[in-house]
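Have a look at these structures, which come just after this line.
Both complexes shown next keep chain A, but they swap its partner, so chain B is in the first and chain C is in the second.
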Partner chain A sequence: MSRRTIAVLALATFLLALVAGLGTETARAQGGPIKIGFLSPLTGAASALGKDMLNGTELYLDEIGRQVAGRKIELIVEDTEGNTQTALTKARKLVDQDHVHILSGGLLASTGYAIHPFAEAQKIPTTYPVMSSDDLTQRKPAKWVVRTGWNSSQSTHALGDWVIKNTKYRKVAAVAADYAFGWESVGGFQRTFEEGGGQIVQKVWIPLNTNDFAPFLSQVKRDADAVFAVFFGKLALQFMKEYESNGLRGRVPLLSNGTTVDESVLPQMGDEALGTISTLHYSAALENPTNQRFAKAFEAKAGKIPSYYAETCYTNARWITEAIKAVGGKVEDREALLVALRKVELKDFPRGPVKIDTFGNPVQNVYIRKVERVGGKLQNTVFFTYPNVSQFWKYNPEEFLKLPLYTRDYPPCKSC
Partner chain B sequence: MTRRRPGMLVGVTVVAALAAGVAPWLPSYPLTLLTQAMIVAILAMSLDVLLGFTGLPSLGHAAYFGVAAYAVAILTTERQSGFVLCLIAGIVTAAVTAALFGLIAIRATGTYFLMITLALGMVVWGLAFRWVSLTKGDNGISGVPRPDLGLPWSLWGPLPFFYFSLACALVAILLLGLIVASPFGMSLKGIRESESRMRILGYNVWLHKYLAFIIAGTFAGFSGVLWAYYNGFVSPVDVQLVTSVEALLMVALGGPGTLLGPAAGAAIIVFLKNFVSVYTKRWLLILGAVYIGVILFAPRGLAGAFHRRSS
Partner chain C sequence: MVSSEFWIIQTFNGLSYGALLFLLASGLSLIFGVMRVVNLAHGSYFMLGGYVGLSVVWRTGSFAAAVLAGAVAIGLIGIAMERLFLRRLPGQTLGQVLMTIGFALIFQDLALLIWGGDPYSIPVPRFLQGAVRAGALSFPTYRIFIIVVAVVVAALLWLALDRTRVGARIRAAVDDGEMAQGVGINVPTLSLAVFGLGACLAAAGGVIGGAFLGVYPGADFEVLPYAFVVVIVGGLGSLPGAMVGSLLVGLLDNFGKALFPELSYFTLFAPMALILALRPTGLFGRA
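Up next is the complex of A and B:
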């Protein structure tokens, strides 16, 4: 045997030892801790959002002393790097090796679609606090998945309706990030807005890796009554700045979805964001007592105001513990736990009252908000509430589902 | 190469036998990681044909891996096609893509080759992202079923699928080993060492490089087919730059031009990624340190380091 072969063998032995080490099973006796597996992007481009998600989750669990129905709660966190393949591998790890009782978390829509078949095959109760892609609870629902967050077009349906009923804007140009979330958000707005007599006169899709918005913003029709924007994270910050520097602010009023001015980016914005009217199922400035308490506690823990990512994960953690209470802590009965997860209905989440529809999506308030400066800081002041908004708006679910999913070209842009 | 083959054969056989023997006692999570390592190893080895044996650093290798994975995902979810058809379709798609891209890329060498393959890779990524009616765009295609081979064991279980992947990896090692040890493989090495000399000796350098490019793409496609079945999910992530870079790092870590080195590099990265990250959120730092360490102390990769000592 050459030394080369010996080296290869040594390497193989090392790898197998590694594998064996990985495989050391943890004891899983009934009455041990309740294990919640949580997927969150803690490294990579989305790590700031991942941190908010984790802080929100931990805040609630700490409030209840990490204990429910007489059993301890163990939160097992895995980093997804904001990458769906990694998320899927980590989901397998959480279920196969850690034997979690509930799987939760995730950021990207593609992660949601990837975990769907996994959750079904493993029969593991799963909740999605953030992933908002419409079809996750519309045309491709999963029995084992409950969405505790929202879906993309849920709040923009409401904004389309609000604009028709409360403003004179009838010709709106859409400027949005060029991917599924942008398409679905614009689609929802377009449908209710055009059914009310408005016209989408233009759709400008901006690639996710754009660094310079000027060539896109110069295309925006200056005679549009308003612009409807859909961005998030760094893109939202850039968009706001360039909307002003390209001379659009003050000339064409700005409407947006929730993430464009979400509290995850709002503190980094300046006066350029003032006056933006947006729509979401949450605002850190909501005045109900639960939210006031939550926002204060979150700020004390994280040193920043809560974003929707923080609230939805806080709510998600409470949602899960309510379901665990309902089954008396017997999380080993997965079917019962799933039923309980789908039955949770509370009136006092920070975002307001929530219940769940038969497709597994929350029915909740949608707030129309305006960016204002209060006490020197920007906030999303809520000035109108649509109560109990379903993912299907006011449409019949069956008829709604016969239509295609909102995409880049659907609904078609008739007035462009 | 020919002299060393018995040693390599023994090595491969023992590692495979060890892995196969230990597998039934492994819990399912490490087993799925091992499966993943087998599949990614095929990708790393296919890239090694280009980088290690021909001296062509490609930054777009995920393209061929990805198109094959997409071919399988689309055929299984839209047409419920069987394994044989998917396997052939995936590999052929990858080979045809490589044949097309090779026409453009092979003109260049060095950094220019790197840039052209990078650009071509981005074209595929752009298609995956934007051709929504076919690829479902950013959301990806989920629900790819495991293949039904007509065997008594269902490949849905982690253990049978591991053996399946192991067998596929062995086939790939055998075929690639034969290719690089053949006179054709020798000429590739000659081109790596001195292109001008090979040209003067009368070799058709362009054709050799072009064939190597297609072979590398074809095996990347084979890996992509398995990947689609393994994950049950295909998305633009599979064809993006990061995936190409990771494959390149696996080859660099394991040792370019050794075939088995990159395979080991793939396994090490898969385990390091998923093993270290359990213990620390700073695992990227550790992975980075490993890369830097290898480049500083073993510029020819792990296999290169062993080889230097043994010779």
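Up next is the complex of A and C:
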């Protein structure tokens, strides 16, 4: 055999091997597991929320035996450390190295805005169960991102309306965490409340690094009919306690968004939280059968009652598997999977019936809740339901989107 | 809005926050004074104290027991840290700083492992709840309690440092460690005791502060800058410095937040920079 023949043979063998390799690669991809990449803050200050998110996700996947449409589901979890830069790095790793079919999770609004362009560039079907910044599905929607959770002002629009129609409170002071989530939640409340004839008489913005609430709370106008508060995590815990010790509880009734009394902090609160009226698309105390079953199963798994973070990730996992079912397990067809994700409509999530609007945000019930002690434990008792609430409340989406995003100074505080 | 009522309430708030800062920072200052160790794990003592206190309150329901147990447990941890690790690096500032920050990170992970990531708040005994009313003003009882505790601790520390033999030795070691050693003062044992005491005070502050600041992951590095500002403003190693520094920082922080919330870091750190520029050793420090 001449040298030349050997060279040709070697080349041919090499090419064959390559082709064969590619073949098996494709075959493996088609029949292999469906990979879901999940971003969650498992270490750092937000790790408790991250664990709720993961527990909720795993609970649903375990219920269906980690299998859908004849294929196994592989959940690949990455820790974001509660840091947006890390989250983006991990998202890249999940897509580039692990070749996940769906990307999901994330906690911080900034993470949402960072993953948006990434998902668009990679054309990777992505769901956001937690990140709630309004503009992610309003003025800056992404084709490849579907929100399975909520947006910040969705539930506070409803509360503003409820307060006007059911109470005598007409002058309300807003006390809220000084960042996008606080601004958007207050903005939503302010818009519907003031359109109904109420007045926001004060906005007290509390920096996220606040240790001591006293300098802020002692400024709250004592003649306000009520206070509307927006906090989360340890800030919520401190706020509630300081609201009482600064002599406001009992004098000025307390209204709040959902996270201020979410089940992620409610069990650590005491009587100071009693009577708080709040608004969210979920409560662990919802009495529908799916939620009753979910809450019991979650408590058995995690040893605590489900927070909204847990429910939204449980629902998110179910949402994804419903979409996978709809495409017959062919997750490799990303366009089809995306269409299916945007078509999911179910009546029996723990939070109630959910469908999705054209901007990629859920249309769902918003519950008005009150903190009560039942059987020795605090809970958010639901006493009023706004069905099928859109992120645009009752406004026309086009007109709504012409107005600016709710910020620190918008809507302006005319009565301050 | 800026009425006399506002000034009274905000001054009271600032004083009570300063009182808590004193519990935290006095130990840090003493430790630096005697040992020249910049202890970046000092915030961890505050956080761990809070967590230990929390566990004790859950089991015994006693707030006093929680403060005591937190202080003793963390005091022992402080002693172990000094005896087993820091003592091996005498005079190596960089090595010590790295070691204490290493400990701080380990403590953070340990706390997460043991107590989980949920934020908690330490329940306060009934008689400390509520507020004392004076006309239109109301002062939270718990904050009055913090001020009382800080005044008592400050008085005891001052008596101990100024009126006892041990105190005289500590002052000698602060002034000139080598000379003190030379005249027969056992500086290593003294250092150990001071380190333990510093950790105790920070942990007690953690339990007491845990009732209104909360106990949560990350509390350690949130309070640490405040402790450093107090110590730098007041002067390293000086007890009067720690007292005045705490009050100043408490008031500055409080009025800064109440009057110019957007500038709250500026109103805290700008005076610090100014003091450092005019008096590099702090208000009461000696070169």
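In this section, the second predicted complex is superposed on the first by the 388 of 416 C-alpha atoms of A that agree within 3 Å, B and C clash if a C-alpha of one lies under 4 Å from a C-alpha of the other, contacts with A are read in each partner's own complex, and residues count from 1 in each chain.
Here, a residue touches a chain if its C-beta (ideal position, glycine included) is under 8 Å from a C-beta of that chain, and two chains touch if they have at least 3 such contacts.
None of the values given here were measured: they were computed from a predicted structure.
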| item | value |
| --- | --- |
| Which superposed partner A:Ser218 touches (first chain B, second chain C, both, neither) | second |
| Chain B versus chain C as contact partner of A:Thr43, first or second or both or neither | both |
| Which superposed partner A:Lys51 touches (first chain B, second chain C, both, neither) | second |
| If touched residues of chain A are counted for chain B and for chain C, the larger one | B |
| Touching partner for A:Lys241 - first (chain B), second (chain C), both, neither | second |
| Chain B versus chain C as contact partner of A:Gly233, first or second or both or neither | second |
| Partner chain in contact with A:Gln268 - chain B first, chain C second, else both or neither | second |
| Contact residues of chain A, present in both the chain B and the chain C interface | 43, 178 |
| In the complex with chain A, residue positions of chain B that touch it | 4, 7-8, 10-11, 14-15, 18-19, 22, 26-30, 32-34, 36, 129-130, 132, 137-140, 142-143, 156, 158, 231-233, 235, 237-238, 242, 260, 264, 267-268, 271, 273-275, 277-278, 281, 283-284, 302, 306-307, 309-310 |
| Interface residues, chain A side, partner chain C - complex | 43-51, 178, 205-207, 209-212, 214-216, 218-219, 233-234, 237-238, 241-242, 244-247, 264-265, 268-270 |
| Complex contact set, residues of chain A against chain B | 1-5, 7-9, 11-13, 15-16, 18-20, 22-23, 25, 42-43, 78-79, 83-86, 88-90, 92-93, 96-97, 109-110, 113-114, 116-118, 121, 133, 135, 178-180, 407-408 |
| Chain C residues within the chain A interface of the complex | 1, 6, 9-10, 13-14, 16-17, 109, 112, 116-121, 123, 129-131, 133, 138, 140-143, 211-214, 216-218, 222-223, 226, 253-255, 257-258, 261, 264 |
